[in-house]
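Can you keep this structure in mind? I'll have questions shortly.
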Amino acid sequence: MPMTPPNGKTAILLLHSPLRQGIAASLTEFIYEHGGHIVGHDQHVDPENQLYFSRVEWSMEGFGIAEDDLAEVFEHRLARPYQMTWQLHFSDEVYRMAIFVSRASHCFFDILSRHQSGEWNVEIPLVISNHPDLEPAAHRAGIDFHCLPIGPDNKQAQEVKQLALLEEKGVDFIVLARYMQILSGAFISHYVNRIINIHHSFLPAFKGARPYHAAHARGVKLVGATAHYVTEELDDGPIIEQGITRITHTNSIDDLIRKGRDVERLTLARAIWCHIQRRIIVSNGRTVVFSD
Amino acid sequence: MPMTPPNGKTAILLLHSPLRQGIAASLTEFIYEHGGHIVGHDQHVDPENQLYFSRVEWSMEGFGIAEDDLAEVFEHRLARPYQMTWQLHFSDEVYRMAIFVSRASHCFFDILSRHQSGEWNVEIPLVISNHPDLEPAAHRAGIDFHCLPIGPDNKQAQEVKQLALLEEKGVDFIVLARYMQILSGAFISHYVNRIINIHHSFLPAFKGARPYHAAHARGVKLVGATAHYVTEELDDGPIIEQGITRITHTNSIDDLIRKGRDVERLTLARAIWCHIQRRIIVSNGRTVVFSD
Amino acid sequence: MPMTPPNGKTAILLLHSPLRQGIAASLTEFIYEHGGHIVGHDQHVDPENQLYFSRVEWSMEGFGIAEDDLAEVFEHRLARPYQMTWQLHFSDEVYRMAIFVSRASHCFFDILSRHQSGEWNVEIPLVISNHPDLEPAAHRAGIDFHCLPIGPDNKQAQEVKQLALLEEKGVDFIVLARYMQILSGAFISHYVNRIINIHHSFLPAFKGARPYHAAHARGVKLVGATAHYVTEELDDGPIIEQGITRITHTNSIDDLIRKGRDVERLTLARAIWCHIQRRIIVSNGRTVVFSD
Amino acid sequence: MPMTPPNGKTAILLLHSPLRQGIAASLTEFIYEHGGHIVGHDQHVDPENQLYFSRVEWSMEGFGIAEDDLAEVFEHRLARPYQMTWQLHFSDEVYRMAIFVSRASHCFFDILSRHQSGEWNVEIPLVISNHPDLEPAAHRAGIDFHCLPIGPDNKQAQEVKQLALLEEKGVDFIVLARYMQILSGAFISHYVNRIINIHHSFLPAFKGARPYHAAHARGVKLVGATAHYVTEELDDGPIIEQGITRITHTNSIDDLIRKGRDVERLTLARAIWCHIQRRIIVSNGRTVVFSD
């Protein structure tokens, strides 16, 4: 529920907890009693698992708790009593996104376009690839590019380098823009629910390699794409967004690849948008997306 | 926000009002303090017009205000102070729907199918038509059918008969299932925001008669349908739902009509569903649809 | 390519064959030289498998080969030399469709509605079910209904009865309108590419039982339906049509089932339309659908 | 009907003419008798206006008519007798596209991305704008940029300069990528059916300025975009492609603008693809698009 366009800085609280009567009222009262003006409040209840989810955004102008104290006060006053899992963000924090690519450029270029046109409030300090092909494009966009090829024996060593670069650049989340390598569990553990992958099928159909070939062989009438957070189990992480497009018997595998590119671009862009807007909560392998 | 599946009877409050800080909290507190258990709460704020919209549903089991007193108490305690426009419903009230038809049967049959399969919690006591064609189908479904032909001179007289029938059958709302007559303002005034029409174009394109012919002539690549509440201005009422389907240069006008039928059926059915679920609020010529 | 609206009786030839240069010209010349006026000609070439597919429709008015001789002449003149697999239909043949149902009524009622409104040129002489629930609805529609319950031990015997009924009623093809029994290979062999099933997922995702439950557990953002010809391998037959609808985290399993019903209805109806229009050719486990 | 992937150079013939029996056969015979191997043949018949449309593509390898003579031979042998309107293209001709922009960058960047990733076989020698804002982006992409501001008095003079630049750069067609100026009839006459505009509504709804504002005011549940060839009548040219996306009551005008951008990008890109693939024929204010 968007309420008013925020003026100045806002706080955004994403949380979930066991469902208890009055939890929503306690949450809004906490904000009101300190003079906060709520500019957006989305809620969801999962009746099956008796869980409460909320995204609440309020103006920090005149709010009675200092920004630096807010986390501690909230933890004490609400999070602990209600057993909340929560994140606190402020609207002037700009996420720093790293992009991992291989050779395919369409998602990468689409991300750069949106970034360049100011569509997203995000910084892109780093591109990592296992191939050198997209280095010129990264440099044209003024972004550091590191080529770290992955062979049969060096994956662990290269991931150590990747992690060091991510650390150095202060990266908040990673987008795998058709990056054709599987990340290790150890790597993923540093960025849980902060690595977004685009898979070129409507999962759970056609997991793994060459989904357009498999789709063509099966004779489906739709092809799709799935943006999801990466987990150790391949193509099995929490789904953020999915899209499809219609195909017919006239379409070759190359046509599927071509038509699929538009679905991939758009599905990934929507997922990134929701992530940087702090609209996603992950719970039990699924997402709550307070989309707009 | 659906909270828990309701056990037993629930109250459903649909309201809108000028936006005031704390209005949401006042609303939920009113329910809690009388022992109500909220099972669903959807809200919307229109920042441009500074309006607040809400649909709240709570269990009447153990609720401290008797059903018969609730409207009066609510009016006194909340509606008047907050200048709310509101409706109160109870989950055991079953809406009574009249269907107006002409000759085209596809929307009519679709409605009967959904009714018969138990998809909708609604009663259909009355079908009115300006043609006799669909009488047998109405009778097979066990529904009263009245043929009231409209000529150049008898419209007012026939509308009087229609209103008498609607009154007699205790009709709550009317569905124009491709009824090819224009209702007078006088008639509409008895059922404001309670007459749903399906127009066979994506309004505001192709208002009026023969939209598929106009769409074909213009060479559009999409045809659509619009379900809206009827107002005196033709095809200009608040839009509840719209749908489209793709067409190509190979499609004749007859193909458009055929393909459009599926969009009409589905768009109308979705609008009816939202209406009988009490999910629609009309304000300033537009709808807030708390859809699921 | 629809050419002109056919006047009077037309012949429809569906064929596929190895691709040979000039095959299309030979086909159209065969029709022209006997005075046939082509009213529609769709073609497809599968370059990968070097196959040619065609659907050609021409007016029988003044055509120089008698209807009864046409198949033999065509076989001799074209089909044998070009190794064609083919079917010949005439526009005045009306397909006879049997419907198999269980308890769910939504697809069944949708089919009856379309039949009743004259949307399809088809006869429905027979409904077979393993439950008695839908007998009254079949009778209201004037269709014979046979209840043949399937238990652990009687499947073969019941299929013998089913086949006898289908034979007796002169059934051309069968629609499984959410029929919850698996047909044996022996049964299917009598109606190869003439049994259309609707599965309530976007295959190959969520094969088998309870796909909406599986979709909900996986947290997908789309649910779908697939109409396909039945083969011995469950949910693995040639796909005719697929549809999807968007869902969100707010939707329960019941919501998925409800929203999915509309996709199932529509997807099945489109598949039936293409089948009765003789627009589908099956080859190598996939379909060529000359859709309109 | 794509037949085989072309090896080497192909000829592409786009034509339409009055419908005459045997016209398709004459066309394919003409190609066969000179040793041409057809790699794709799409046809359409407009029965209402008795028109025949065709796109045929064949390999020039071993073809018995020299490339330079082909147009003349075809004109003499087929085009004149059948009164065909036609265009002849060869697959090694690369279209040269000019882009007109104003300040909005999303369509412009999307075009550059697709060009850069090799998705389109097209050259972009020229960008013209009435504002200087996008000059740096054009230069980064290595494309000439000319700023020609349009005021109340200089439109005709600036169009003369535009035409000179287009001529100088050998431009084949123009894309108005959210160019916010109206072209004069005189200008358009130089590029009939060769100027593609993207309008940010599903035409004919919301012609003219500020369609998202109008859509929001009307309360529609869908917003769309339309790619069309530019004619003198504003927003009234032959429609090539249309797309839509769903919106709800929660969406502000800014949300519509944001969501609409994705529809604009994609709809324009599809139209450009069809144009450079020589898949579009214009007739009577409508398009035949042999899309894939």
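To keep things simple, chains are lettered A, B, C and D as they appear, and every chain counts its residues starting from 1.
Just so it is clear, a contact is a pair of C-beta atoms (placed from the backbone, for glycine too) under 8 Å apart; a residue touches a chain by one contact, two chains touch by 3 or more.
Remember, predicted model here, so these are calculated numbers, not experimental data.
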### Summary
Note: of the two pairs A-B and A-D, more contacts are counted for A-D
### Query
Comparing centres built from CA atoms, which chain ends up most distant from chain D?
B
## Note on the structure
Note: chain C sits from chain A at a C-alpha centroid distance in Å of 42
### Task
Just give me the whole-number Å value for how far the CA centre of chain A lies from that of chain D.
36
### Task
Provide the list of chain D residues touching at least two other chains, using ranges where the numbers run on.
1-2, 5, 44, 47, 250, 252
### Query
Which of the residues in chain C come into contact with chain D in the complex?
1-5, 19, 21-22, 24-25, 28-29, 32, 37, 41, 43-45, 47
### Query
In the complex formed with chain A, which residues of chain D make contact?
1-2, 5, 105-106, 109-110, 112-114, 116-117, 119, 137, 140, 250-252, 255, 258, 261-262, 266, 269, 292
### Query
Which residues of chain D touch chain B in the complex?
44, 47-48, 202-206, 218-222, 224, 238-242, 244, 248-250, 252, 285-289, 291
